[in-house]
Structure formats: C-alpha cells, structure tokens
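Take a look at the structure set out below.
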Amino acid sequence: MTPLRKNFGSDNVGPVSPAIFRAMEEANSGSVPSYGNDPWTHRLETVVRERFECPSALVFPVATGTAANSLALSALVPPFGAVYCDGTAHIETDECGAPEFFTGGAKLLALPSRTGKVSPEALVRHVEGGRALGVHKSKPAALSVTQATEWGTVYALEELRALADATTHLGLAVHLDGARFANAMVTLGCTPAEATWKAGIDVMSLGATKNGAMAAEAVIFFRPELAEEFARRRKRAGHLWSKARFLSAQLLAYLDDDLWLANARQANAAATRLADGIERMEGGRLLFPVQANEVFALLPDAAIARLQAEGYLFYPWYMPNGDNAPRGASPVRLVESCDLEPQDVDGFLQAAG
Amino acid sequence: MTPLRKNFGSDNVGPVSPAIFRAMEEANSGSVPSYGNDPWTHRLETVVRERFECPSALVFPVATGTAANSLALSALVPPFGAVYCDGTAHIETDECGAPEFFTGGAKLLALPSRTGKVSPEALVRHVEGGRALGVHKSKPAALSVTQATEWGTVYALEELRALADATTHLGLAVHLDGARFANAMVTLGCTPAEATWKAGIDVMSLGATKNGAMAAEAVIFFRPELAEEFARRRKRAGHLWSKARFLSAQLLAYLDDDLWLANARQANAAATRLADGIERMEGGRLLFPVQANEVFALLPDAAIARLQAEGYLFYPWYMPNGDNAPRGASPVRLVESCDLEPQDVDGFLQAAG
Amino acid sequence: MTPLRKNFGSDNVGPVSPAIFRAMEEANSGSVPSYGNDPWTHRLETVVRERFECPSALVFPVATGTAANSLALSALVPPFGAVYCDGTAHIETDECGAPEFFTGGAKLLALPSRTGKVSPEALVRHVEGGRALGVHKSKPAALSVTQATEWGTVYALEELRALADATTHLGLAVHLDGARFANAMVTLGCTPAEATWKAGIDVMSLGATKNGAMAAEAVIFFRPELAEEFARRRKRAGHLWSKARFLSAQLLAYLDDDLWLANARQANAAATRLADGIERMEGGRLLFPVQANEVFALLPDAAIARLQAEGYLFYPWYMPNGDNAPRGASPVRLVESCDLEPQDVDGFLQAAG
Amino acid sequence: MTPLRKNFGSDNVGPVSPAIFRAMEEANSGSVPSYGNDPWTHRLETVVRERFECPSALVFPVATGTAANSLALSALVPPFGAVYCDGTAHIETDECGAPEFFTGGAKLLALPSRTGKVSPEALVRHVEGGRALGVHKSKPAALSVTQATEWGTVYALEELRALADATTHLGLAVHLDGARFANAMVTLGCTPAEATWKAGIDVMSLGATKNGAMAAEAVIFFRPELAEEFARRRKRAGHLWSKARFLSAQLLAYLDDDLWLANARQANAAATRLADGIERMEGGRLLFPVQANEVFALLPDAAIARLQAEGYLFYPWYMPNGDNAPRGASPVRLVESCDLEPQDVDGFLQAAG
C-alpha cells in the first residue's frame, strides 16, 4: 500500500503521470529531424488547433512556465512598454525578473486588488492615466491575467469578457498565464475556446508541468500575427530543444484522452475535500473560495504544529490585503498535486485534528 | 534487424540512450522537493566534483546547449564587455544572438582562423589592441573555446595551456563550450581535470544532449566565486526546472559507468571508419583531421547524388578559408551520432560507391 | 520691464543662468582633448571633491537627469537585482522604464508611502520578505531616495541616517536622486558631505538642469570602487560627450561661487512666498509642507479658472494616498523656477484672487 | 594673430562655430515648453523637411553620434535581428557595444572590405546565407552605411543605389551614419535628398558635433512609419533634453545659411591641401583618395618624429587589409577640423619637412 502523500507545498513536487512518461518512451525511437521538425511537434499543432477550435493557432512548446510566460510577453510588449497584471501575479512575484529580461526591460505595472483578479475599472484608470503622460511613461501594451488565479480562484467567463472589453477599448494585447489552466477548465465547465480566445485572450501559457508533465508548457498564439519571429525569440533564449519530440510528446499525451482534465479534476477534488474539512474544523477558515487546486486558509496554530510534527509539508502564507490573522491561527497555503487521493486528504485532516 | 541508420545530418537526431531513459524512470517516484533541492541534483554535484577532481566545483543543469553557453558567458562578461572566440564558434554562428541576449548586449569578437582554433597570438594582439582604445571598445573579458572544435578537431592539451597562459596574462576568464566534450576526451585520453581546470578553463558547458541524453547539459564552474548569483541568472532565464530531478537524473546516468565516454567512443569510431573510407574513395578528401565525431570532407558530386538518392541525410557545407572546391566535388559535413554501428558507416560508403 | 513670469508648470521651462552660459562661452576657445580629457573636466573633479569633502569621489557629467539616475543605478544593481524606492520616485513614474533599460532589466520595487519618503521599517520588511524566497525573487541590491522628494519635502538628516542604518544592515547600496538637491541643501543648511556620504549615500545624481543649467547633471560616486567601468557604461549609452568641456563648464559655473545654492534659494523663496499666500487664500490648502521649490496645494476651482484665464501654466495633480479632494477645490502642482521674482509670485496670488 | 592649429587628431577637439553659439544664446530667453514642444524644435522639423525635400520626415535631436546611431538602429532591428555593416564602421569599432545595448542585443555582422565600403555582392551573399539557416541565425534586418566612410572616402550615388537595390531585394532597412555627412555632401555636389532617401536611405544620423556644433546630432526618419514610438526610445535612453530648445537651436544654425556645407567645405579643403602636400613629400603616400576631411597616409618616420617634436597631434594608424607598411614609413590618420586654415596645413607640411 502506498504511504500517505504528505506534501501540500506545491504541485511541482510530484511524479510524472504514467501516460506522459509512456509517450516519451514511445517517442524514443529512431532518427527524426531535430528542432521541432518532427511528427510529434507537427501533430501537437493539429491537436491544439482542434481542442481550441482555432485553426490558425500557433504552438511553441517550452520546458518551464517562466519561459512560457516571459517569451509570450516579449512578443506582446516592446522594451519601452508596460504589462499590467494583478499584484499577486506569478510574473510579478515569483520569476526573478524574467519578464523584464525577456522583454528587454519592459515594466510590469502591478495593480493592487483584494481578490487576485484584475478589475476592468482599475485597468482603464491606470492605462488612461499613464497614456496622458506621454513619453514619460512606458507604453501600455499588454494585460496578463492568471487563470486559475494565485489565490486559487477562477475568473468567470463574464469577468474575462469584461476585461476583454476594456483591453479592446484600450488597445492592449492579452496574455493568459495558464499554469493551472486545466484546473480552471474543470471549474468553468466550458470549452477551451470559450475560456480563451472567445474571451479575448491573444496568447496563453498552457501549463502541464504542475499537472502531471515532466517539464512541458505550451505557448499558444490565437492571433498568429503576434507570433511573427517567435521561433527566433525561443531559440535565442535557449528554449528550443534539439530533440523537441520529447517536449511535444509530453504535451500530446497531456491533451490526448483529456488527461489534462482528468488530472486537474483529481487535484481540484482533493482541494475541495480539504476545504470542506477545514470549514468543519474548529478554528479553521477559508480565506478564498476554493475553485482550483489551492486552498488558502487560516488554521489553528496547534493544528499547524501537529501537522508539521507528522511530517506534513506546506508553506505558511500571508493574509490578503494586509489584514491581520486572528489570535491563535495562521494563514497557510495548501496546494494539491494531481496524484493526491482522498485518503491523503483525510490523513491531513485527521493529523490536523 | 534494425534498418541502416542513414542520418548523418546531426548528432541531435537520434534517440536517448536506454540507460538515461531508465534513470529518468527511476527518478519518477514520489514527492521530492522541487527546484533542485532533490537527491539527484545533490548527488550530481558530488559526482561532478569527483570526476573533475575539483571539490569546490558548482554544477547547474539546464536543458539546452545554447542556454548552457549563454548563461555561462553571462557570468563572465559584463554587458559592456567582449567575448573572444573563433569565427566558427557555435556561440557566434548558431545561437541566434543568445550570448548577446543573456549578457545584456556584450560583444562577441570572432577571430578568423584556418583551423577553428583560437591562436594565442591573435588573441593577445586583438585584446591589447582593443584595450589601447579605452572606453570606445567593449571591455575584453572572456575567451570561449570549443572542444571538440566546430571542424571536428581537438585542441591538444598544450594548445589549451598556451591559451591559458595568454588569458592569464590578459586577465580574461575562459569558457569551454563542451557540446562535444566527451568526444574530445576520448581522443585526448587524459583526465577531465587535465582537459579543463588544469588547462585554465574557468567554466564549461558539458554537453550531453548530442551524446545520448534527452535534453541535458551542465554548466560547471571550477572557480565557484564566478558562480555567485548564477542560480538567479538561471531562474530568470526560465532555465530552472521545477522538477529538476529529471535533468539531474539524465546527467547522473551520463557520468555513471562512464556512459559519456562509451557513447563518444562509439560516435568517434564511426567517424574514423567513415573518414578512412572517404580517404580511400576516388575523389574523396578530408578537409580536416577527424578527431571527434564529425567528418568534413570533399565528396565527388556523383557520390553525393547517389547518397541522396538512397535517402542519406547530411548537409552541404562550405570550404574553409574561402577556398574553392575542386571541380566535380563538393564539401559536406557528416556528423556521427552515438548510436551509429559499423554497418551504418559501411552502408554509407557503399552507397557513395 | 520684464513681463510677469507665469509658468509654474516645471522648473525646466526657464532659461539658463547667465553665469553658466558665460562659462560655456569661455570654454569655447581653441583645441582641447576630447572625451573628458580636458581642463574643465579635470577641475570639476577637484571642485566636487572639495565641496563634498570626499577626496576619492569620482564625477561623471551627463546631460540629463534620467541618464544620471539610470546610469548610477546600473552600477549598483545587477540585471537580476531589485532597486527599492518610494512609489512616487521619478525613476518609477517618469522615466519611461529607463532604469530597467540601463540595468538590463532589474526590477524597481516601489514602496507605497503617505509622504513620498521611504520608511526604514517598510524597507526592512520588504527586503527580508523578498530574500526569504531566494532565487524566485530579484536580488535586493539598492535603495534609491529622492532629495528633495517628489512631494516637495526634504528628508531630515536623521531620516537619512535611519535609512542608512537599515541599508547597512541589509547590505544595500544607496543612490540619491538629487534632481533638486540644491533646493534640499538650502533647507537643510548642512554641508554637502553631511547630506550625502556622511548620511550613507553611495552615489548621487546631482541635478543642475532644473536649477539653472542648460543640460548638465553629475553622477558622483562617494565610493569609487562602485564606479569601476562606469566610464564604459556612460560611453555605450551615448552619454559621453566628445566636446565634454561644455558639460563640465556648466557644472563648474554651477558650483563656483555657490550659484547652485543661490539659485535654489531664489526658487525656494518663491515657493515659500507662494505657500504663504495660498494658506491665506480662502479655500486654499497646502497638501504638504513646502520645503523646496514645489507647492502641492488645493486651490478653489474658481481660482484655478481665473489663473488659467490669465495665462498661468501649471498642472492639475492628484490627491495623495487616494484621498478625495473636497468639493469645489482641486489639487495642483506649482513648481518654482530659479528665475522667479517675488512680483511673479504676487502676480499669481493676485490672479488667483 | 592666432597661433597655428596643430591638432589633427580628431574633428571633435575644436571649438563651436560662432553662429551656433549665438543661436543658443538667442534661444536663452524666457519660458518655453520643455521636452521638445518649443518653437525651435518645431522649426527644425520644417527646415529638415525642406532641406531634404521630404515633407513627412521626422527629426529627433540628440547630443551624441553614438546615441543617434544606436537609437536609429534600435528602431530598425529587433533584439533577435542583425545589422550588416562594414568592418570599419564606427558602430562596430568605436561605440563600446552601444548598438547592442540599444537594440537589446542585436548582432552586428561586419563585412570585411578593402575599401571601407559595403559591397552589394558581399551583402547579398551573407544575408542569403544567413537566412538559409533559419532560427539559428539572427534575423537579417538592416544595413548601416557610413558616409563619408571611415577611410575618408565617399560612396558615389550609384554605389548607394546599388546597395539600395540589394537591400530592397533583401528586405533590409537602411541606416546612414552621417557623422561626416556634410563633408560627403560637399564632395557629391548633389542635393541632400539625392544623397539619402532617393538613394534608399530610410533613416540617418546627421552629424553636427564634428562639424562645428557643441553637442548635436539629428536622427532623421525618411519613412515616418519606422519612427513609431521613437520618442519613447529616446526618452528611456535619457536622450530627451528637458530644455530641448538648446539642441534644436544648434541644428537650426547648422542648417540655416548652409553653415553645415560651409564648415565642411573648409575642412575638406584643408584635407585636400594636406593630401596634395603629402603626395609631393618624399616618402609620403596616400592610402586612400581624400574625399572628405580625413587623410590616411604613409609618412616617413623621420617626418613623424619632426611633427611630434613640434607639437603636432595625430594618431598612428594601421595599414588597411593587413598590409605591411614599407620600411621607414608608418601609417597615420590626419583629421581636419572645420576651423583649420590653409596656413595651419602649410605649417604641418613645413614641420614634416
């Protein structure tokens, strides 16, 4: 019997899904042209176009989410431009300045929010204010949204569409950081097209690594004219694999048979089960609705101590909006990997107990 | 029976060595800390230090050679600095400006040569000439040498040491592009330490991808003070894998049991066998001594036509030093992968007729 | 008789002080070595060292404040580093991403404040929080303070020293944006040394353009080891004048006979006179104490209308901290050039009614 | 009586032309809008459009030639692009990597030549060769030509037009480094339009500093669509003067009354007089035809010694194309400033003996 999984620290600590590993193994046969001129990479384009109902979409596999986000942004914003995002966005807080590096020094303008979601009103106000100052301000060029958000919530389609109205009005391109896009899809229950280009997304980073792949993300352009010369950007960043088939094979296995949704469903279910348990826990409180595979919660300090004593791993977090935690409890982040089983969650709740 | 291998176009078209694939599979079990805080990555450091007899060496795995070279250079040269290299160097000719990107705009100063090797005299002359012009010139900061060279030859140890004398005198750091370092090691027959830090190399890109890995190269610093903050450089370039164990596992399998040398020996042997055959071929002529796994040769045009008709893949090349090819023959590059068998080479020679 | 000066929009709209123009004219004679090897530039170094009581100071004249600030920061912070500053800092809000450009993509981390001054506590909290996240965060490398601040106030020496304690503890270098440093000096009444390196400043941008020069600022390093290779940085940014004597001559005239203080005193006096008038004005209110040559004030909308009708120029501004303006009044910024006379201020107040 | 001018080292060692100084003085009066919204800058646009017969031309004054060249190139070439130029080009050899900095790391590809001029055949060969390698090569994006060249020669109009045919065919934008454009104009005797946009130039750096200005160059776009957002590029490089009128006033005086041509005529005449003298000198030999204000010549070593003993300043140079100097003579560069009089040249020749 598998021992209980106790790592709730991140969704990148777990193993690779067997189907993805198998696909890499099957790709490991014979000589094929390098640098993406291989059958796997070609088929990946076909599959993505079908899944997203976008016959002109262009797909560029890379190995990391930071590369996917930063390369995508570099295609949208000039060095003297600005990218708007939420103050919690991964590109702003967790990528060591990669967007600035890849864009040649563009400016990230992080909008504060209570929710981790960009509000159309704040966006319009900031962009118009900036534009009024002309050359003294970086040129407003793009919006980046994160779906699911960094607080584990999901933009509703109408929220995305309201942002799309604003960005169309403002003339901004829109990037979606989809490191946990599959988790959001499970919650939205709509088609991938509805959740992306039909809602105004121009280019997305489709994450797979956090959801069962080894190291694979896809930059997908829904407006191919934005991808002009993207291949060169990827090459000169060292993100073009010579044996590209092994990246594409991962992504194919991810999309084939809807493994991406199956994995995300499992992770989201674990999160929901955990959230339910925390709500029933004396002194436990959710900080945000749980809509993907992350739980942000207040736990009693005693529960935290018991969990740590039992070997559970997770990160202490911070209260949103500068609030103070109530006495005797502390905020934590609990991330659910796609290999978590119900008994793993129950084990956590029992240990917290 | 395996059909004959007919791809002599590159050493990145072949499959992954079984032992390397197996190592990734074995690494695929359970939760481990991400971003390199895993047992595989820790053991890799130990193994590299042992193999290179350098207890203070620091090792940073990345997925591509372009990333390894450019990141390494960015640690050696300021944005206003210059990197000297041979005119044929991969960093100068094949990386789409990646070194310029990673260094923030440093200048590559490519020295012409007849041999693909940097000469100490030319280096000293150029560096001293540049320094005399002060701030109008980029600051001479580093030398990058390629071992084996882009013409398939190998710097002798005394050649490396003569360069080391020059760079010590000039105050330049030295980078080694070791995309085919294992192939050079087989030819040199010395220890890894003798071929690197004992010969003045400060940091190297140790290639594995062209020699049997899926996507793995190691940046190895022999002077750890140069690696200060290298971890941040790698992260902000999107080259830090969250599931880093799968990069390190490849490199461990590569070094364990000397797979790197075994693979290189097989590739070099194929190259030598091919070179011998070409020398015996009427109208065939080697352009350079074959010391690694690349053959640059003149082949009769009729032979080239026959090979292409039989499905052999390889690139037409150019004559070194602006020479003209003799009438009726053309230069080609023939690269030997580490999975080539003697019969594959014989098949080629027979088809060339 | 000179007509009334009516431009309160900026301190860069006015003419060049006669003494500065005369100095350029005197420099315009005969052949002298270019690129700063001229007597004016040499004497400038001597004069700065004396004025600032810092015999090892290094001085680099440039033509604009944006260049001075960004070049200075590029010497303090690596491309993967972070610069902390107040949310109102010119480098953050008015330089079109120049610091990001010159540093190769470093991150500006703007701390919110009610006052336009960085608080040591906020700085320590942010830096320590960032460092805890390791390579995922840009490396905290420098603090930039603005003196006088963007709200027209002046850091007291003890405030600067408290920041110096924090930055020493945190290992940050400190830059001072002194676009209006002379205005602050007049208010502080201390020595230049006390206001800079004795208060922990490592490098400053000493502004002259806003205070009577044509186009001249000096980057002054109080720790010469930080200026290593700064000359190359300036050259490759196109900020090394071939006829450098004309930059140095401006700065010499600025410092000789304490013209910088005389000009600043005149501008500050105009600001104080204006502030006094506004405080007496029905419905007028100062938003900040007036300690330099900028007045931020609420004016009755009717007064604003009368001023505009009379041809007075100034910018509508915004309330600090997201406050709302009271009904019937609006915030404005009134900047006093160094050529403003008392009657110009009185004219303004009279027109405001 | 003025003492003899003895500085032949550069054309940036001399004083500012009186008319240019006077123009700055006249501009120094009253308050005018800053950052280029002033009458001088507006009139400059009109004057340039007239002089160049190009009603849609856009003009951006900056203070240095390095800034003009690098900013112009940054508008033509993406970070992953390449600029072709002659191996002697100032952008390649004398700007400390500024083009790489401003373009965000684009690659300069310097073509060797015997003449300092780019040949259309070499350009086509290199560009087509590079394009064949796809993403592994920087994208060929622009050609930069220098007029007058770095060897003091001048491209004939038909030479420029042949290059224009090549660049049109290749899809490259064309930049002209016109640091000594006025000197070339005097030799060509054609209209400015014929020497620029009618000959395929898209953007030029019009130099004034070497030809009588204090610090002023104009970036002129003949295809305004290339200048989109150029104003932001200039601002974020710190090259937008707040008191922009003083840059524009210099350039206006330079073009008004054809001062630029008068100055260049004087410098060219000095060069021609000097060249004639050298040709008559025993052991003297010109290395290139003298078509502008630079003389590259072999002088007897004894003559060089005599000149130096008399206080003449000039730089030892190098032989073109790696040739060796004949025994007893050495190559020198002699640059003629626009304030040189015939007697200054005669003094030089007499001292040389």
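First chain written, first letter: the chains are A, B, C and D, and each begins at residue 1.
Rule of thumb we're sticking to: a residue touches a chain if its C-beta (ideal position, glycine included) is under 8 Å from a C-beta of that chain, and two chains touch if they have at least 3 such contacts.
Since the model is a prediction, treat every value here as computed from it, not as a measurement.
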From chain C, the most remote chain by mean C-alpha position: B
Pair with more cross-chain C-beta pairs in contact, given B-C and A-C: A-C
Averaged-CA centre spacing for the pair chain C and chain B, given as whole angstrom: 51
Intercentroid distance (Cα basis), chain D paired with chain C, Å: 35
Chain A and chain C: spacing of chain centres that average the CA atoms, whole Å: 41
Residues of chain A engaged with two or more neighbouring chains: 35, 79-80, 95-97, 101, 104-105, 135-136, 138, 232, 235-236, 240
Chain C residues within the chain B interface of the complex: 35, 78-80, 104-105, 134-136, 138-139, 229, 231-236, 240
Residues on chain A engaged by chain C in the complex (per definition of touch): 79-80, 82, 93-97, 100-101, 103-108, 133, 135-138
List of chain B residues in touch with chain A within their complex: 5-7, 10, 12-16, 21, 24-25, 28-34, 62-68, 70-71, 95-98, 101-102, 209-210, 214-215, 232, 235-243, 246-247, 337
